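Two complexes come next, and they have one chain in common, subunit A, joined by subunit B in the first and subunit C in the second.
What follows is the complex of A and B.
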């Protein structure tokens, strides 16, 4: 028996029609300089329900940003979507003509980016950048768009919003720039927000404020969220459900409580153990990378302390372990 | 107000800068072999006549005294006299410098329009046919000499097609030149309300402007293309795309961010072309400042050369000050 990469069934949500956004078998490849291609996302299945905050945890290089941008149909250059669908409210948006997809981006599906001072346009005033979103997507005239932008700056609790309207990005602190980017993401009342490591560059105290703000505003606007982070600790008190991404594959998806109280994938255990104060636990679950596994093998088998011969011969499917809890492992850890 | 202070600060340095430029060019010109007294008096002159003329011109004085004398005259508005035209250099330059400036300015406008358009189009689609066209164009514009291109244009549009007027100066011989006000023939003819002269001036401008414009669009296009490609691939542009901003707006913002490097290359070209247009001036008998200076160099006529250097130095300094002000307007991160 062998299972092709990316051909697994989507994670069985109890009622598929309920999903606001569903990623099905999404594959993204990057051409390499040698003329070949490198697969960065290997068939991602993920679903987000209306109003839900879905966490996505993974280490650097797991493909988090690629996933965030590919969902919006704009994978990082020079990557391209090689397969799979992104179904938003029942429509595959990746199959839409570029123009219609462009109208959804920033309007119905918005993104909060990390490192906003590098992403905001350095020569355009903050107020104008926020107002542009409203005039482009909502068709507001200049004055109305400006008024909405100001209201939005107030909502993200930027101190002295009237003055910040006329500020340039380099005149803002990191925390203020992050708030401005959140204002850009939420000004059109999107149904779905992707937060791509949005708090990674901030002080811990500012981070907490931004997280509270994000959650509060998402709830007020009725937006569902895909919350991408490197910090598994944040997901514990921020997300309703959590998915674990490793090397372009979802390793485990579960409700927050199930994931933290009964983690089943060895990699999830590694992530949690990394936060543990027990050195024995930390070392027990962390194994240095060995030879890269063959394409047929479990992608984590090279680093897995529990790997068996089967793991190197056959790739495990993302299989249901319990209600809403799926894991990609031949030998899930049970307690 | 900060800009005003910056401007004063810059202007304060203009005089010492000019003095330095005059000193260096004075020494350089003086180091060119050749004795103007010998050239002026011709092959039959007696040694006595030559040495008395040298004394008259101050050529027997030590170099530093000659320089001090020249600067002293400069400060009184006397740029010396050209022995070739026997007119004050200032009068000659006031007539010829605007001729060159008009030619170069219109050429630069053509170069900017062509260069910007091609540069942006190729940055948006580097692998499309426009991208390939611009590669070929950039290569040819860099490789073809401007005077050769000018001769080809004359051959096609004057000799064969008779669309263009003869390449002999700025106006038809039959047309009376208007009273010089700005020195720009197009503007002066309009001020005089002489439409026939205006048409003549424009028709004489077309071929030299096309020559210089199309050749110098090359570097502007290359700079536009590379900085636009960089800006379109920047995080800011990618973020705008992720936010669903229409491509036209993304491009406009990218162009604005790419503007400083484009303005830089344009300003460098502007200063360079004042002297660099000389071959084209010669081909079209333009009677501009570059031609005047080259004649001066060839005939040991030093005052036209020094006067030309002074004029183009002042012009370049003005251009660079304007460019620095443009930077401030374009990029809010720059402050002086």
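What follows is the complex of A and C.
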């Protein structure tokens, strides 16, 4: 098996200090109307190195957006972090006072979200919205901030940027509004960018342009990215490593070649088989979902065609199957 | 079975003399038991075509003709129950206050089917889409998105239509649910010989289900032909550009293409003279800006509106990427013949970010 991406990195004992951002055992719970609580993230472990694009794929309800927001210390209301750490450059950012956290967010840590029009202030000109970020976080004066905003609009390849500086959000197309949101996220040169399904609402030809842009900007600025999506196909071409999220747990994480050419977890195989035109292939990985497993069981055991009694008795750890390839399964597929 | 001939649709803009030209001279046909995939970006007019066919909106010009089994012909509005529509957002197209059974029954009222037969017909329709009969009394909010879309399909199928217009029926769904719905639609088509107009912006889904494909751009079908032929050798720069943006879940398989489209779809208000793609097209020549290219036949059932279609086709050899991907999928994703061995990780090999808790 060839590993094209990251092959130059040492494969033995990864150096913890090398990680730019590390999520350790992150648990997020939501209160329920019945007075109990529902666990949405069940101990997420994830690390992203400088300059790396880490993909995170999962279906609706897997906890993708909750993870994106929790990494920034702001889980969706009314969720709360019930355990774990988010270590950014050696510091646990979840332990920081809100004031310091706010200084970090939008500056060193940025997020790009879908539905750009919902994110932009409809009453403020695009140029001012972008420039505000630079004046608040970088302390630039009005003129310098505006100049930087204009440079950013140019960098995200908005046509006619001088004129668009004065445009209101409703005057931009969806693709251009998404570029403006990216400009806001990147103007302070963040070290870490989270893209939460940021290209999902766009047409395919525009999506291709935005992906090119994100990759180019990440490379130029040396920033790392967590690229969250439900479109598995994008991650095969855009990301260096890919993690598969199911029901609040990471099931498999690997370099993209390993994940797509030698997937080991039955859930990863089910996800990928959805793109095959052969129904038989899909049926091999799909079983009618049965009753939710007990807390001691593997969370996927109710849907897993390979499940054994052991899987219902004992939850498997996320453990290393090969260099850089970890899987949460007692019976991973190895070919 | 369905023949659409030189269809036009213009929408007036309130308070202005301008019009939105949503459909510009569209012709196509669908045979019984056939799926025509209609693909294009937002604003290309796909949904408008679907709505004209089911009779929800009137065309400005052109005709829609149904040749139905038994020799009956109908023009304009289709005969009740013979043409059905399935919507994109299953959660929004179901009445939240109506139980599933009542939702699926509704079309039978319009058909004046005897009440005594309703219960059996609903159960048959639910069986057809593999919905648990226990869900008869459930409300839409209790169902998953995939189940909700099955309800939408059951509601369409209960009248035993000859043609179903499926308007982005899988776009709101996760990949696994999407694949299940496609399998379901193909099975129903095999059982009942139903024809589909399958509208989607997702080329891989279109490739999955369609016999023939029509590519739309700014209200025009710029190219149509057999799915396998069009996907392997597109003759229109726009089809080629669309195909190059398909991202298959395989890092080594990309859709090679000489066309990378820049910019966005122009406004359908006051369309430019000449070819609508001229402003974005890498193959553009002066003639394209003044004259609309006529439809040219480039193969059996394969037509294209482009002066330079031969050059577009010649830029690359016919692609076998989809076929290669399917072959790879068999190799990578096949179920192993026997139960994989137990995996016992060695504690010393564990990664720093990998923990056992």
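Here is the rule we use: the second predicted complex is superposed on the first by the 321 of 335 C-alpha atoms of A that agree within 3 Å, B and C clash if a C-alpha of one lies under 4 Å from a C-alpha of the other, contacts with A are read in each partner's own complex, and residues count from 1 in each chain.
Assume contacts are C-beta pairs under 8 Å (C-beta built on N, C-alpha and C of every residue); 3 or more make two chains touch, one makes a residue touch a chain.
No experiment lies behind these values; they were computed from the predicted model shown.
Aligning the two structures on subunit A places subunit B and subunit C next to each other without any clash.
Once chain A of one complex is fitted onto chain A of the other, the partner contacts of A:275 are limited to subunit C, with no touch recorded for subunit B.
Which of subunit B and subunit C touches more residues of subunit A: that partner is C. Judged by the touch definition given at the top, the superposed model places A:313 against neither subunit B nor subunit C.
Within the superposed three-chain model, A:128 lies out of touch with both subunit B and subunit C [touch as defined at top]. Of the two partner chains placed by superposition, A:189 touches none, neither subunit B nor subunit C. Between subunit B and subunit C, the smallest C-alpha to C-alpha distance in the superposed model amounts to 11 Å. Interface residues of subunit A facing subunit B in the complex, by the touch rule stated above, are 69, 72, 74, 76-77, 102-107, 110-111, 113, 115, 118-124, 132-133, 136-137, 168, 170, 184. Subunit C meets subunit A in the complex at residues 41-42, 145, 174-176, 178-180, 183, 201-204, 207-208, 241-242, 244-252, 254, 260-265, 325-326, 329-330, 332-336, 339-343, 345, 349-357.
Chain contact summary for the complex, subunit B toward subunit A: residues 233, 235-236, 238-247, 249, 253, 256-257, 330-333.
Note for the complex: subunit A touches subunit C at residues 4, 13-14, 16, 19, 22, 24-25, 43, 45-47, 59-60, 159, 173-176, 203-209, 230-238, 256-257, 260-263, 269-279, 281-282, 284-286, 305-306, 308, 310, 316-321, 324, 326-327, 329-335.
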